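Take a look at the structures listed below.
Next come two complexes built around chain A: one with chain B, the other with chain C.
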Partner chain A sequence: MTRTKQVEAEDIIAITGMSMGDIVDKIEELSGQNVFACYQCGMCSAGCPMAEEMDLLPNQVLHALQIQDPEAMTANSMWVCASCYSCQVRCPKGVDLAKVMEAMRQIYLRKQLDHVSLNGLTHREIRRLPQIAIVSSFRKKTG
Partner chain B sequence: MEKLTYFPGCTLKDTARDFEISGMAVMEALGYELAELERWNCCGTVFSLTEDDLMHQVAPVRDLIRAQEAGSEEIVTLCSMCYATLKRASLFVNGNQERLDKLNAFMNKEVDYEGKVNVVHLLEVLRDRIGWDAIEDRVSRPLDGLTVAPFYGCTLLRPKEIAIDDPEAPTVLQDLAAAVGATPVDYPFAVECCGAYQVVDHRDIVIERTHRIMSAARRADADVVVTSCPLCHYNLSDTQKELVRTVPDYKEMPIIYFTQLMALAFGVDAGKIPTALRAKLKRLQPAKREG
Partner chain C sequence: MSQGRIGVFICHCGMNIEEMVDTHRVAETLKNYPGVVHAEDYDYMCSEIGQQKIRDAIVEHKLDGVVVAACTPSMHQETFRNAAEEVGLNRYRLEVANIREQVSWVHTDREVATEKAIRLTRAAVEKVRMDDDLTPIAVEHATKCLVVGGGITGIQAAVNVANNGYDVILVEKNPSIGGHMAQLSVTFPTLDCAQCILTPRMVEASRHPRIKLLTYSEVIDVSGYIGNYTVKIRKKPTYVDPDKCNLCNKCAEVCPVSVSEEFNEGLSQRKAIYLPFAQAIPSSYVLDEDACLGVKPLRCGRCQEVCDVGAINYDMAPEIITEKVGAIILATGYDLYDPSNLTEYGGGKYPDVVTSLQFERMVHPSGPMKGDLRRPSDGRPVNRIAFVHCAGSRDPERHKPYCSRICCTYTAKQALLFKKSHSDGEASVFYIDIRTDGKGYEEFAQNIIASQRVRYIRGKVAKIVDEGDHLTVWGADTLSGERVEIDVDLVVLAMAVVPSKGTEEMAKTFHINVDENGFLKEAHPKLRPVETTTAGVFIAGMAQGPKDIPDSVAQGSAAAAKAIEILSQKELTHSPEVATVNEELCSGCGVCTRACPYDAIKVERSGIAVVNEILCSGCGACAAACPTGAIEVKNDRRVQYAAMLAAVLGRDE
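For the complex of A and B:
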């Protein structure tokens, strides 16, 4: 499976045409969530099944957005999130973090920066995977 | 026989055929017909999570229109992912005139969607309309001695606004297992995520998830894992084959759909049942199986 090149922090403005401040505003608009509502209790990261695969833990992603740290947008966390919603049912502040992660992906996907490619799958993988997996993956990781 | 407007979804026509076969058989045994929705299309498999994205609601809303055309205000699904996508789409547009107007204007070849169709999962029908007592009454081959680990996965329970049960401590699959005579077991991974579509480009993560989930079920002395999600079923079954090859002493755990568990207890068509489970049942019910 091939992926698009990991975006470097300094490239973010060039790629998205947006400052980190603009990106955070856009994420709030797309997700309908207030990222500043998070008070860093860590419940989301404690229950996240993907946390150990993430460069930044879910609560750290929210913190990075709060302080406009570009690492939020360069970490792999948004691509590893499976929208399982464990964080949403546990968040005491009512933040829908799955929606925040989707908005972060959309910042790239709406610039035609796909994260998976059908050409990256072998014939064997395409035969073996059920359509429910392929359709979901491409709905989540392509624009 | 009472009819339910049934939305199968793509996977039940392909890799999850046994889910549909057993689902049809058990519902018929309970006096219900799963009447397949005409001209249904793929729901999209995942709900679009951005506020401004109406385009990805076209597919699920078109299915709601098909139900409306069939004179039904309800769609019943078996697949957990179809349930979540259609249910969330219905909540997103039902009662929101601005969104309905835009979608109806876009789909100008369709009749206008009125925003009245509700989406329910078959487990809700079994629990809330038919009831565990009626299911217990229909059992002809009680699964006495069979220990069952329920695997809910994500989309039946989360997000909380579409949960069919308590998102953190559900009981519907345990109650169902008990109704057919089996013994449900408690283990810590019943409501965890299997990794879902990450299997496409992060298969390693799903293998690791499966290892943990199945090992926990094994430690709880489960004979079989029961689920309602075709993607959970695929992920857990398929990656187990790799675990058998790579992890010393790893023993494969059979995984079936909840409708197959019911079909085994009802003595109706359960579709393909894993060999290890068949062997276990033969040991538990020798006379009845041979008869």
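For the complex of A and C:
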């Protein structure tokens, strides 16, 4: 799939107009979750059906947010997340990671930043990609 | 009543009070307060110098009442009262005004805080002004001790108390003493055989001339107060005379009923008539009446027919035993959290997902597998094994929020036992953190990690799938950032520990509290770890919270020492600050008896309420409830409170 260029760490401030600290605060506000409650047991990653495709495992995303590592926002993990809530039902600390992922997506989506460029898809890709994948790209794009 | 010669002492408590309260101003203001003949402030009133200042002033100024404005009276009231008593002032004529917890620590404006400190100190002066001389009440007491729970903690406590020359009643609800320790294979970190170190203690407890052992028994009622508790114990019938039983096993051979065997954590079956385990004490078969086809009326009777020594008696009835005891030690231990709560691990559902205690039995040489580790489902050998830490622990969201403390170290031990017998076997341990807190435990666990090729994977398991001939464990290695899926033959869940079944009901029987997790609650988490808020009732071992064997044993001894503190007194004293009834005013309505949380007031035939001064704690609930004002608490009378209120609320003169 052709993607728009991955966001680089130094671009984050330019794109979002926020520091990593502000981003973490905003994520907590949007998701209603305390990312610092996570004690890194890894149960979310162990049960995540999409973890294989993620640059950072779900638990690593939370850790990156805790230490304000921009990698949280540059990794593909938030876009790969299928919002299946497997992580949320297992989390011993009650962190709804699916909501955190959604909040992270919102940080970008509210900037009207294209993550999947439909015009960039070839006919072959459109034929071969599962429809649900394309539709969910729309949703993420418009959300 | 004071003749108006009151001394006031204001404590700085270093900067604790001084920082927020101008203590010198408090002293100067109080100097001019009616009835006060002496006032001073000092760095630490509780220090020897501070106490001497109080003693000197009492003598020099002929004080007949003292107020110390300092920390909460629960900290140093006794200190100051002892000091005052040494120079002849009645100890109940000294009062403490709390200007630390109630003033300096909770306010941010020094001016306001100082004003409040002045008012609270004035109120205390008003109270002292009307305080009477009181004499402590002397109480006789019983010299026996009740110990509930016959695990290692209860055994230790019982033996310690008995060795000090006091009679002990040791009550155990199971047919044998020994507790969970009797089930263990070896103990960490020394790898001692658990039974080898436990059974001598069990024998010592059972043979001790001062210990009366009541197994298969439960305490059903407790009444009384420190030094004078009356306990009722119900002893279930075992239907077997332990003195006659010669352990021939003929009864069990003919018994037609098989049920799951508790001692082997359900991994084997036992008969309705059975020996709890080889080294059981009392050493006797027991007829489990719930499993038996029936003794009343008799429906089978085969065991009695084959018993050569006539030990079986179907007419045995429950016994109710009543004992008077001076002190009580509760050591009722733990159970494992129910694994069927862990549905994602197939706990209680997949036969090859076992608990840590089941694993102890599986590797035990005299366990259900005779030490030859096999899969419970199909009996095949175990070559690949996974251990899962924190199964139910550290999970505030769905299970138990606390750390169970022992699992990290026993899992290392269990992995070592597996590797010792399966040198080519693969052992994986899924952990979150490794918490091996205890003398030699860290070295023990690290040595196993370093030398035994046990795979330690830092990540909690999300799911276990039973694939028939193997189990698949879904985990994550949070250090490398990789998901992990491994196939194993057996999974051992390091289950959370929980208070033993019935702990909460038992706590109610003994009028003590449990904490938010159901463990027995100590009076103070740091300084009174084996005491409860009910005087004379002590707690020890796992019942108080997760702990290992040495900590449990230490608490058993600690509780014994606290119990002996009571048993060894010639007589106990009770505070004289108790309720008293004005017979002229009492109408005998009985409102006070319902208000009293201690059952300390009864309306006698004469129609007058009478206070049992020993049960009374001086809480004042009766005084507040009494419609005629007939009841008052000594030195906490209504006139005193009216004067105190006026002193707190009144304008400055």
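In this text, the second predicted complex is superposed on the first by the 122 of 143 C-alpha atoms of A that agree within 3 Å, B and C clash if a C-alpha of one lies under 4 Å from a C-alpha of the other, contacts with A are read in each partner's own complex, and residues count from 1 in each chain.
One rule holds in what follows: a residue touches a chain if its C-beta (ideal position, glycine included) is under 8 Å from a C-beta of that chain, and two chains touch if they have at least 3 such contacts.
Since this is a predicted model, take the numbers as computed values, not measurements.
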item	value
Chain B versus chain C as contact partner of A:Asn59, first or second or both or neither	second
First (chain B), second (chain C), both or neither touched by A:Gln131	first
Partner chain in contact with A:Gln106 - chain B first, chain C second, else both or neither	first
Touched partner set for A:Ser83, first chain B, second chain C, both or neither	first
Comparison of chain B and chain C by chain A residues contacted	B
Partner chain(s) touched by A:Ala98 [first = chain B, second = chain C, both, neither]	first
Residues on chain A lying within both footprints (that of chain B and that of chain C)	86, 90
Contact footprint of chain C on chain A as seen in their complex	39-48, 51-52, 56-57, 59-60, 86, 90-94
Residues of chain C touching chain A in the complex	344, 390, 394-399, 432, 458-463, 474-478, 481-484
Contacting residues of chain B [partner chain A, same complex]	9-11, 14-16, 42, 44-46, 48-52, 56, 79, 81, 154, 157-160, 163, 167-168, 192-193, 195-202, 205, 209, 230-231, 234-235, 238
Residue ranges of chain A in contact with chain B within the complex	1, 3, 29-32, 49-50, 53, 80, 82-86, 88-90, 96, 98-99, 102-103, 106, 115-116, 120-121, 125, 128-137, 139-141
